[in-house]
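Both of the next two complexes hold chain A, though its partner changes from chain B to chain C.
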Partner chain A sequence: MTSVEEAEPSGFQRVVLTNASPYQYLKIRLVLEDERSRLSDVELKSFIIAGLKSLHGEVGAALNFDVLKYDEESLTALLRVYSRGLVKLWSSLTLQGFYQNQACAFRVLQVSRFTGISSLEEPLIYLLFHVTQKKRISHFPHYCHPLP
Partner chain B sequence: MSVFMDLNLLFSEDRTRLQNLVETAAHLGFSTVAVNYVFEPSAKKKQEVPAPRPINELIGQLPVVQGRSRPIRVLNRLTVVMSDASHFRPNAPEYRRFDLLAVQPTTEKLFHAIDRGVVFEISYAAAIRDATMRRYTIANAVCLMESCKGKNVILASAAEKALELRGPYDIINLGQLFGLSDSDSKESVSSTCRGVLLHAETRKTASGVVFTMKIQQEALQDSADSEAPAAKRAKAT
Partner chain C sequence: MCADLSRTPRTLLVCDRSSFLDHKNRVSSQVEQLHFIYKVSVLLPECNSASSSLDSVFNSFTSFYLIRKLPIYELLDKDFLQSAVYQGSVHGLSFRTRIDEDNCVALMPNGRLTLSLDKDSFELLGFEGKPSRFNHRSCSRFEVSVDLTDSSMAPGGRGYLRLLTGLKSHLQLQTDFLLSHHPGGGASLQALLSRYDWSEHKPKVSRRCLSNLVCPAPRSCDPHSLLEWLGAVDADVRCENSSSSFLSSFVCPEANTTLGHALSVSVSGLLLPHDVQRLIQELSSLSWSPGCP
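== the complex of A and B ==
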């Protein structure tokens, strides 16, 4: 992509900003023993909060997270949490075994950032900068909301 | 890409249950799993060490691991629950049918009889089943990490049902809860497990230098009848 003036050759510089967002995103699916049961998004959020409380206590239950997207049919949700709370939230999802007396499991499908280990799934969110114009020309939100 | 292993899937007589376990493990991304037969010798009556069932008997077609092109590898493992080190003879013939051996100590004195190259395992399925066990699991795990400094530890499931399994990255995150660092946590699911397998092979193969393989007798017969030159004909034994 060249600029109209043709003054300098335009190039692209890929800048990967690992700390661009204070949030981390988790895409999860709840797998239940009885495959026909459904939860509303409010029920899901209170279930996750109960799990946080049982594993990490009141401090855990006070951890702020948001359910950005929820598909009730497939029980798939996109959660957003502050980076500091990722380990707590993720571990409480992992150790959650029962929902109302039926066995369940949270399958974490994607996480937006791994601490120091390579991801099995999607790459990091990154921005492409046009070198000469220093203007943000595109960004790839993948499955996440655009960065604020 | 790392190879992830879950070296503790509890054996159950129910074939569908075991099949579901292995399929879920393959779907979650584990390249190798081990079916665990638990054996508890009691002093009162002489018990037979259980024989491992051949894998093709239990599961027809091994499922392909998600993210790779190869099917999942299923090994056999024996866990002996014991309180006294004298019961255990590692070179007994019954133990040779298993790929991995493990000891579940019930008393402290067994810990003193530990030798080099031994790896400790923490299983997390109990933490999923029960809240009190969760506390004990985490407490014991943290203690273990203190004493071994995070090396030579593996995290495995000890799962009975498919819903008790968790993906490798979930377990890596759990390792951080137990006090492991990022890299130690990942190692506990990948490279330490591989080290365990390699160490186990040295048991069968005279410290990993020599290994013998049974050649089919029929193959020797055939080559004797063919047009092969005399020098290349295999000696019929």
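== the complex of A and C ==
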């Protein structure tokens, strides 16, 4: 649901979007029994897809998600998934127990509607300066708040 | 079953676009309400470096303190209340306590003390509270919220003594605690700090120069995509993925331009709204020309 207050001559515009967040973002860490083991980003994504297939079948394995960022040293990744696929992805991560015969666990560190994951469930303000004909304009999506 | 699996959290996004001089611009009033700001990130397009005045604002964010193993009843200490809480000059948050598992404590500048407790701790404390609004089916977390400046919580009063006894004898709640004071209010914390192991921390400032940054057009970009792109730049996420890429399909929203260079600066720590306001004022008063400063 969207409501828009139209741009006035002064240039003020407000857009209100309810329940329209297309993506959810997860920050996860893979913990392996052998702490020296490492996976490449492609291996990690394949492993998560295998987990989706094992819990949710072929349809689950077709769930599209992105590995936005990956740190091989700490086995920490930032994932993006459609909001409607969050529960399926999260549940398959939780129930993954083994990687190549060694015990493993996915720690879901943070889940957020925003890519700038650093804190959970906080009102968030982003400020962007845009130069248009030498005017300084603030354009900020703000007040992103979880609803009970 | 299928309906449950595709259920998503409800969200609200309000996006304002205006000049800072516009009377409807609410950025200052919004920032004032945020007591626990962890990070402020600024993206300056077509900039190699920040001006000296902007740099000095970044470097002058107020320090904060970390107190190890603070017994929470100390926040009800009479001297601390008189010198800090009643003046509205201090706020704090329990450190490394997980909101879904541990007991968490927050102290607001207006004197409101909020405890988020699990069921057993709430019952041990023996003070009135209510179930957390984020509970799902069963009541597993409870919130106790008291206004320390209210007459019912004056030292020596019934409410005060009940909460003090609960925190001191029944529950004995103790956590690492982050504490911040408003400018000029540092002296009020010294008595409390002297009794425990504490350390002072300066907010961390980090700068990144970005080159050939693909940037969406803010006017034509929808708010969710713009917010996603901003977050991706801040998190240093790769925005150029081909459609056949296995790992990620994330790309910069259309229509876009390429900026030769840009500066991304972020400050993180327990930040004061006052310091963020100073930053916003400095940014809005910059004389702007490509190349900065």
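Methods note: the second predicted complex is superposed on the first by the 91 of 148 C-alpha atoms of A that agree within 3 Å, B and C clash if a C-alpha of one lies under 4 Å from a C-alpha of the other, contacts with A are read in each partner's own complex, and residues count from 1 in each chain.
The rule we apply is simple: contacts are C-beta pairs under 8 Å (C-beta built on N, C-alpha and C of every residue); 3 or more make two chains touch, one makes a residue touch a chain.
What you see is a predicted model; the values in this text were computed from it and never measured.
By the touch criterion defined above, A:21 lies against chain C but remains apart from chain B after alignment on the C-alpha atoms of chain A.
A count of residues in chain A touched by chain B and by chain C gives the higher number to C. In the superposed model, A:97 makes contact with chain B only, not with chain C. In the superposed model, A:33 makes contact with chain B only, not with chain C. With both structures placed on the common chain, the touch criterion links A:87 to chain B and to chain C. Of the two partner chains placed by the overlay, only chain C lies in contact with A:69; chain B stays clear of it. Of the two partner chains, chain B is the only one that A:108 touches; chain C does not reach it.
Shared-chain residue A:42: touches chain C; no touch with chain B. Legend: residue contacts after superposition of the two complexes on their common chain; A:55 is shown touching chain B, with no touch to chain C.
Across the two superposed structures, the residue set of chain A contacted by chain B and also by chain C is 87, 91, 114-118, 120. Against chain B, the residues of chain A that register as touching in their complex are 31, 33, 54-55, 87, 90-91, 93-97, 103-105, 107-108, 111, 114-118, 120.
Across the complex, chain A is touched by residues 4-20, 22, 24-25, 27, 30-31, 33-34, 36, 38-39, 41-46, 99, 133-134, 218-219, 223-224, 226-228, 230-232, 234-238, 246-250, 268, 280, 283-284, 286, 288, 290 of chain C.
Those residues of chain A that touch chain C in the shared complex are 7, 10-25, 41-42, 45, 64, 66-70, 78, 80, 83-88, 91, 113-123, 125-132, 134-148. Contact residues of chain B toward chain A in the complex are 1-2, 28-29, 67, 124, 127-129, 131, 134, 161, 163-174, 176-177, 182-183, 186.
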